[in-house]
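Next up: the structures, one after another.
In the two complexes below, chain A is the common chain; its partner is chain B in one and chain C in the other.
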Partner chain A sequence: MENNKKIIFKNIYKKYKDIFALKNINYSINNNEFLVIFGPSGAGKTTTLKIIAGLELPTVGEIFINNQPANSMSTFERNVRMTFENYILYPHLTVFENLASPLRVKKISFEEIKRRVIEIADVLGISNYLDRLPRELSGGQKQRVSLGRALIVESDIYLLDEPLAHLDAKIRHKLRAEFQNIKSFLSNSTVIYVTHDYQEALALADRICIIDKGELIQIGNPEEIYNKPTNIFVAEIIGQPQINISKLNISREKDNIYLVNKDLRINLTKKFMPIINSYNKNEIIFGCRPQFWDFKLIEPELSKDFLKGKIIAYEIRNYRGIITVQINDEVINVLCDISREINEKDNIWIQPKEEEILLFDADTNNNLVTKNKEFGDA
Partner chain B sequence: MRYTKEENNIIKKIKRSANLSRGMGFTVNILLFVVFILFLFPVIWILIMSLKTQNQIAMMPPDIFSSFTLENYKNLFQIGVEQGGTITEQTAQTLTQIKTAGFLNGLMNTLIISVTSVLIATLVGVPAAYGLSRYRSPGKESTAFIFLSFRFVPELVILIPLYIIYQKVNLYGTYWGLIWVYILISLPMIIWITRSYIDDLPFDLEQAAMLDHYSKLRAFFKIILPLAKPGIAAAIILSFIFTWNNFIFGFILSTNRLQPITVAIIRYLDITDLNYGTMAAAIMISIIPMIIVSQIASRYLVSGLSLGAIKQ
Partner chain C sequence: MADVSIRNVCKYYYSGGKLINAVKNFNLDVADGEIVAILGPSGCGKSSLMRMITGLEQITRGDILIGGKKINDLDSSERNVSLAFESYALYQHYTVRENISFCLKLKKLPKNIINDKINWVSNLLNINDILDKKPGGLSGGQQQLTSLARVLVRNPSVTLLDEPISHLDSRTRFDLTMKLKEIHEKTNLTMIYVTHNQEEAMALSEKIVVMSMGELQQIGGRVEIMENSINMFVAGFIGEPSINFISCKLEESEKNGTLQAISKDSSFRIDVPVSFIDKIKKNNLREIIVGIRPIDLHYKKIKDDIEKINGEVLYHEFLGEIGNIKIQLGENTNLVAIIEPSYKIKKGQKIEMYYNPHSINFFNPKTEYNLKKD
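Here is the complex of A and B:
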């Protein structure tokens, strides 16, 4: 067994009454890594955390912690700290007592407890609220107390279940910045962070694990997830505005390959030959992210390589412009720098950047580029 | 917090608009007063009766507010009685002595029996409620329902079999015999009220405690019990009142020495006189412990103890 695998999931299935919350989960988490588990609601993220913490047992399968079989280890024996998505603070105890509670069980002297509580309260910015009860705190403050209660005990494994979920954008932004600090505080531990916000995932993770409906879809570092998504689900779930996806037919004319439907016509270079040749179907799904399109506002010389469309909307979000282009029945989003020259109802000519084109199997939705070994360094 | 004058005015306006309109408020208050009087009427009647002499009580038309006397209360606690006089008077004096002793004795008995039975029922019932609420086992709901069903049985129905059994096992006329039967009254109520209260506490709290390395026992005492205090307090008040009020078990299953107060009070209606006044005074005094317990326990009947624990 490799020595740097902190947690190993082997054939884990988890059933609640008649529903499988987790199916065929097989992966491992490395020592000292910051793993983000990402997926839509109900995917099985919290269930995974609970199985690691020992609050739930898998229906089938085994979990290994530190290379020891851990199914029969009680929560007590596993050295994990966890925050819950809905805080779960002790309502009848003050913030101080909530933070101190895991220490009190360990029979540490009161001086030491007080010192550590004040230290963690400073780091999280809640020093002024130590006397308050949970019902007197705002959401952001409760979130921080919950985090403090988990962090106050040093541990090998930290499980953070959507710690920034229910906060408004401003506080979330602030805490996310503070989180980078906390991350260095946690750099000697394995952290498993659950979120359904892809920006947090891309910003904080060493590796991202994407799950949907209880199944593992893809696991890899942020760059892989972003540039080499396993299937359309991953491509769509990461990135805003969403990746542009169109169903097209393959058409060969002489030496060139074109992807066409009634509205679009995209030229593929010879680089894509091996993929197209080994792909035996006629229909293919084409994808290209909004930031990887070139566009011109005046008719370009080689206009036949460009797609001509009409700007139906121009929005500014996060200091970038989003142009919504309509080509008959197809709608394509293009990301650009803010410019005053872009107006609605103008004509626009767009072309996808060749190296950022993604191709997916029309039936399985799988990424053809990464599955094809002949294609460069896929 | 201290507000400025403007803030105070704004607060007053908000409060006023949130209340009922003037006319409605008045009607509601009248109705509340009527209900209040209806509930309190018997108690007030007994109170007034306890402050009058026998003659005044029997007067028709009833003369409520004329004169008050504490004579009845003195009669209750009479220990030294004049000796001598005619045979009738002597008999009356002896009977009075017996009645006084019986009253104090009865008070003591009810105190011992009620407190002990409610105490035992609490010590057993609260953990049982926790178990019923949190653990899974086959037939759990059936068991819980069986506990509840003890309250469904009318006391008169089980009285004769119980009397026969008690005679046979020598529980008749013992403290433990009565305590045991009183537990029958209080335990189901404590289990059911506490259980439904613990059901409402989020289970995640105990999971959080487990992660903090609390043992199950410590989690029970430090997390569940403090939060379940209102439910337990309500259950204790109700059980105490029901056991204190119980007449039939004490009447049949105990001897003179062990009568609870409810039975002892009846003795004030005997051959020598129908001393309603003294009986009323005895009733007033016997109510006092219940009032004390209710007042103390009602401090715990606060709502919203577990607010702020989880995200709603």
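Here is the complex of A and C:
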């Protein structure tokens, strides 16, 4: 077995009564990796953490930690720290004492405890509240103290279950940015972070592991997950507004390939020829994310390459505009910079950017395109 | 349907022996058929205001008028105002259909009218397939739609929505705001939507009312309040990531008469527009706060970007549709900027970003007001 693997799942199944919470899970987590497990509720995210922590045993299969079979290891032997979704603090103890209490039981000297509390408070940005009681803190501050209680004890593996859930949007975004600090603080440990917020997953992860209904769907770095989703499920749960998806027919006209239905007509260039040629079905699923469309508000010269539609809604979200374009029965969302020139009920001409088009198998929903895009610091 | 007029409304109550002023001299007009979003952090008094409109709480001082008629002393049942809460308050042992028809049956409406109304609302909200299910088996979004259906069938003069979707996951929230907007367009109901989430408010309504500490801060169009925020609270609350504030000292530059704002560590400097100089002198300001929105810093120079900043990248967050970076300019000066997600920017690298000086807002550090508005 390879040495850089911290945790390995081998054919893991977990069954509760007659429901499989995990089905045939096989993957490994690298040493000192920040892995985010992402999926809808009921996907098996928390079950995965519990199996790593030793709070649950797999029904079938084996888990390896540090290349040792771990099914029979106690939680203590696994050297794992876990946080839970709800913050649990001692109401009658100050923030300092709340942070110090996990160390007290370990019989660490007072000076060392003080040093560690000050260090962790600094990382979490709660240094000014050390003398306060939990009830004198805001939700975001309590969440940080609770996180601090888990992180203050040195450990090989940290399991963080939705640490930013239940916070106001504004605080959640702020803490997400601050988590970059926490991430560097934990760079000598393996961290498994569970979330159902895709932006958190993209922002924090070294790799994202997407699970659904107990099954592993895709594992990869954030850019891969976003730009090369393995199937329509992944394409749809990552990104907002949702990716535009349409089932279209393949039509060959002379040397050109068009994807058409009664309202849409998309020209595919030669680049897609090999994919279409090796795909021998009539129907195909076209996908293109909202930010990858060109649009014109006045009729372009080469208007036949554009789709003409009507703006039925224009909304503003976080400095970006979302144009909802209606083309008869089809509705396409286009993401743009905020502009005062966009008006509801006006005409618009749109076109997907060729290099960003995704094609999926109409039966299996799997991605047919392997994009040759370069990725940044993966 | 009717217009709503809130005039000099105050709300006081006692809590723990202390007199709390939850709403202070509040004024707002909502036109017939308009949708308005009231936005503010928790505890800003927005829910107290809603409860006064419905009649769940007494108005301490001031008047509320609906359709031109003063409703201060009317009973809740006579106001024809309906309120949907964050918690759906559904009858768990009834089906969705029974939940919706419950209040209509109480009004002793004939069966065929009740059925017509249920058909109308279930088509509007697209909930035909869950009508015979019980709330326990529904998702949060579906339960909220049921609660909303119950509000809509009553044909209210005014519909109040108090954080109806804030606890749902981001995808459901997104879909439901779109849905609400569509419902408003189809029904033309007078709606007041209360939220702490600026993104929801901006998505839903052209008119935004920002509240804090019981007071009205600003009423304006969504672009207006973002570009010309009246004070530092509004500037900081609107927009994600938040606006960057830089505390600067003011120094007269060599060129006669012009003022420069310089950050305390001297890593950032900008000329103060000439039009503000009189105001600054009149108020005897020695310091000023510069506000730059993350969206106004550009990695690639665009037209009118005549100023630039230099710094080192502290972190880069890839968020799919956008990327956020934090740049350290000097010892104590950090700026957050939004960039195209495809740019390959690494932690620790040097970076230059450009901006248009007209996109910058200046705030008075004493009053926290925008100098444009002060």
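Going forward, the second predicted complex is superposed on the first by the 325 of 378 C-alpha atoms of A that agree within 3 Å, B and C clash if a C-alpha of one lies under 4 Å from a C-alpha of the other, contacts with A are read in each partner's own complex, and residues count from 1 in each chain.
Just so we're on the same page, a contact is a pair of C-beta atoms (placed from the backbone, for glycine too) under 8 Å apart; a residue touches a chain by one contact, two chains touch by 3 or more.
Treat the numbers as computed from the prediction; the structure is a model and nothing was measured.
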{"item": "First (chain B), second (chain C), both or neither touched by A:303", "value": "neither"}
{"item": "Touched partner set for A:226, first chain B, second chain C, both or neither", "value": "second"}
{"item": "Partner chain in contact with A:269 - chain B first, chain C second, else both or neither", "value": "neither"}
{"item": "Broader residue contact with chain A after superposition on the shared chain, chain B or chain C", "value": "C"}
{"item": "Partner chain in contact with A:173 - chain B first, chain C second, else both or neither", "value": "second"}
{"item": "Partner chain in contact with A:84 - chain B first, chain C second, else both or neither", "value": "first"}
{"item": "Partner chain in contact with A:278 - chain B first, chain C second, else both or neither", "value": "neither"}
{"item": "Touched partner set for A:313, first chain B, second chain C, both or neither", "value": "second"}
{"item": "Chain B and chain C contact sites that coincide on chain A, given as residue numbers", "value": "none"}
{"item": "Complex contact set, residues of chain C against chain A", "value": "41-42, 169-171, 174, 178, 181, 196-199, 202-204, 222-223, 226, 237, 239-242, 293-295, 314-315, 317-322, 324, 326, 336, 338, 341-346"}
{"item": "Sites on chain A touched by chain B in the complex", "value": "53, 55, 75-76, 80-82, 84-92, 101-102, 105-106, 133-137, 139, 142, 149, 166"}
{"item": "Contact footprint of chain A on chain B as seen in their complex", "value": "202, 204-205, 207-215, 218, 223, 226-227, 304-311"}
{"item": "Chain C contact footprint on chain A (complex, rising order)", "value": "41, 168-170, 173-174, 176-177, 180, 196-199, 202-203, 222-223, 226, 237-242, 289-291, 313, 315-320, 335, 338, 340, 376-377"}
